[in-house]
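This report concerns only the one structure given below.
Residue numbering begins at 1 within each chain, and the chains themselves are lettered A, B, C and D in the order written.
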């Protein structure tokens, strides 16, 4: 961390910064330039002094080390391969497509869709049991009974299943029925939940928060990793911007950025990322190549059915 | 809800929209214009057909009714006054300032600050027991013991206390020690937590999510209200934008927008909203007047202490 | 355009909306619903009544027709192919790569780069003569002499050239030396310039503004088209968001959205879109496939030279 | 400027950065840390090496000095007072309100409004002659004849007038008829226009671009100042964010940030900033106090007239 003082900063102000840094068990290296004094801060928990910017005479506080470790490719140069049931995701596992309905609505719908998903070549089945909905008056998902339908669909098709867990208290039940625990975008900053899935034996699909920076997202992964679970898959699903032509703005450049910073596998979700059926195909294709993978499975919805939303796993 | 069809939409496509609408128990009114056909959709759970935009021939889906009811000023024309301990917030309660340290760090720090806060005129004391931190390696707060220190500070000063609850499992303990349950920005979309505080007997301070629209924020309030708790205070604390000169962009125009849409009291948090000590004063002042309230209490930190971050409650 | 009145709106308020609409030469169709009155507005210049939302009793104003015509695929179902020198861009012209230095800096640099660009397979040469720079103290480009160097590079390599024009007064000179006139992101809303290039005989490369919606971008194209120049190529170059890991957020989903709305060819600029050399390759690839084109030319910079920034034209 | 190398950066990569820095006439100071090497870069035109981030081994490039000089309060500690006709704006000039119609539409409308504006206490009259409109089919303003109507309104009321200039070629005509030249948000990055108004003898009202950071805005002011015109007033008019409840998000915290960084006077435009009549009053009030000014003039539109949009000048 580098603390840049204002041009006219006094000796007392510089001393005060040094004092606060040392008081929190960190080291300070003061370097007086012609125009400005710059103070380097070294130590392990730099967030303790994140308020340095509020001290008198301080102009700017700049972080220069990545605040995450276990997620970093520097500390773990080999790319991680995560096993979801029998399916390998990441590090040469080839392209994997995850598909299925947004919400589990009935036994018929789930089984019919599961067979369609499998027939079309997807390798992981998704289905929502609990739906985090903006409105309390909307359908919130079938809940626990949906987990049993998912388990049945898995038994019939052999596809491992992924579903979203919305509270720490549910992790145990999910562990039993589901192969991949999804933490949704709205819960990316729910640290209690992150720690809970970090203690699960099942891998975790961690979606990016609506307005999370890539660094914050990797820190959320760090919560899971540091709680003991090394199997995290990151899922880009669009960020919130001023553009309203699409539901979110799918940030595909996050994929190569992540590949440079982390060893964790990356998945792209063109369905939630765009919110429009006609954009899912082109963006799935784009997502698959920008990760240096190749090919993509096209999914069509079965006739007379609710449109299938799908998530394409796109990584090398 | 209005469904606008594309110019060349076929009769079959229009019929399909009507079919889907009616299948979900809603009514459809088709109006054929010269260039386009427009379909009005009426009913209670419009989110069930939120996927209408994915049907063939549909250009745009426009919502025209507010999706929240209990929070709406249309359904509750009298402004709500919330009691926090002995303090009235909203609807003529006058200006109320909430102040205190970001995190409870020790008994000395807490009591010393509490007295300073009271001496300067603030009427509600804040202090974080659980700190949602981006990094798992950062100080996460003292946890439950902090609640007891808060209760002690309350006993000494007579100020009611507010603190952030981060998981549904904590609500019971908070109910006992705290006068106002804060739901933080990162948990605004944690619906399990919203329902849990909705069953509390204590009032709730609901912070706006980092990238939540005003409508989404009011829907989050609706979760609390519809779970049985009528005492919700909304807290504007800045939104995430491209500007990096401030930590967030304090959206003060949200205050008059909210006053037009809801009966709930509104609080402005200039500390988290700007992230810079020197901006807290001017923005607290601005926040207090744009709500048609008047005056503001200036807070200074006690000498030799960690800077006090404060939250100014600014409403009529 | 649909005007939605508030629930309690009076007859007088509805009459006032109708009055304002008719006063501006437009037609109003009032439809009284159970809860709300909705007023349809029909006519050619709906922006004249864009202030309807400010009238008493009005809750929301919703536009339902696209405000652009000449750029719309509805009015021009065949996709446009633009000729840049001898090169065809769009509508089956195959993948075209544009490459070259950010700024023309010297004769040697320009010619050497031009040959490298050609050798690597790019088909249009780019080079900045005028550089719009945030700081007045930065290098602003060589200006007019650069146009002659570009013309020389074209003569030597046979590649048509594109360069940015920054003021209406320069259009004539650019017409003479350049094959494709670029309007930069910062000038996308410079309507005087848009009209000026609209009167040029050369095609126009119109970059998206930093915070322009897709609709605003198409309206900017409409300025050029309606001034008499049918040859417009749209260039996605990233939008401004909260994410700082990349210079901009390349909005690749804009490509399929545009293909649904307009007949104009689309180009993706992964260099300015990401601002980082290592991201140019993956995002060029992604850009090329999401347009249903195929293949991409890899560009390397010549040894010991300033890094070449390149723009990949990715369309079918 | 500080260049932070990646952890494993080689000596050659460090040497290459140093080489590029020195090649551009700047100085490099290398400091080898335990984990990372950091290189300080010193000189006048740091933008010449803004591509350092693209070199191999570089992790991050951090700017630590403000890129503007003439606009900076460091170089000009006394706050500037700008004279607009007989009216003093800034540095103790008290609160000044600018008001008037969005566009000049007719002689009657202009004169009637001018008298109303004056009667209500505003001290500067505004009126648009050229309207930058998103659509080429919308009313673009009366053009030059409007300048004469503005001059007539000034003669009748004694109020100085402000109007937007949209192209460098118009500056001379504006100089003659108008007291304050407005550069609109869409032209904040039109550097040719900035230089042209920089050569005018009249003061300049510089609006913030829709997605301009505060630093970019001050650099735009620097273009005007460095071209010889010391009389620049900055106008905050809202930025583009994800929130759609208001047309823009009025960034009032920009006001105290600016007051800390620049000596130039600051104006707040609550009309364009919010786009809604009912929000203009509260936000004008908020804008006036966050600048440590006091009081605000309330404006009502004359009966039966187009709503008056007004801009409140709020500074000390």
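Everything that follows uses one rule, which is that a contact is a pair of C-beta atoms (placed from the backbone, for glycine too) under 8 Å apart; a residue touches a chain by one contact, two chains touch by 3 or more.
All figures in this text were calculated on a predicted structure; none of them were measured in a lab.
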Chains in contact with subunit C and also with subunit D, listed by label, are A, B
Moving only to chains each one touches, count the minimum steps from subunit A until you reach subunit D.
1
Does the subunit A and subunit C pair touch with the same residues on each side or with different residues, judged by whether over half of the numbers are shared?
same
If you take the mean of the Cα atoms for each chain, which one ends up farthest from subunit C?
B
Averaged-CA centre spacing for the pair subunit C and subunit A, given as whole angstrom:
32
Just curious, how far off is subunit C from subunit B if you go by their C-alpha centres, in Å?
38
With chain centres taken as the means of their Cα atoms, state the distance from subunit A to subunit B in Å.
24
At which residue positions does subunit B touch at least two other chains?
211, 240-242, 244
For the complex, which residues does subunit C have touching subunit D?
44-45, 47-48, 51, 53-54, 67-68, 132-140, 166-169, 186-187, 189-192, 210-211, 216, 219-220, 222-223, 226-227, 240, 275-277, 306-307
Applying the document's contact rule, which stretches of subunit A touch subunit D when the two form their complex?
2, 4, 7-8, 31, 33-36, 38, 40, 42, 59-60, 62, 64-65, 74, 240-242, 244
Applying the document's contact rule, which stretches of subunit C touch subunit A when the two form their complex?
211, 213-215, 239, 241-246, 249-257, 260, 273-274, 278-279, 282-283, 285-287, 289-292
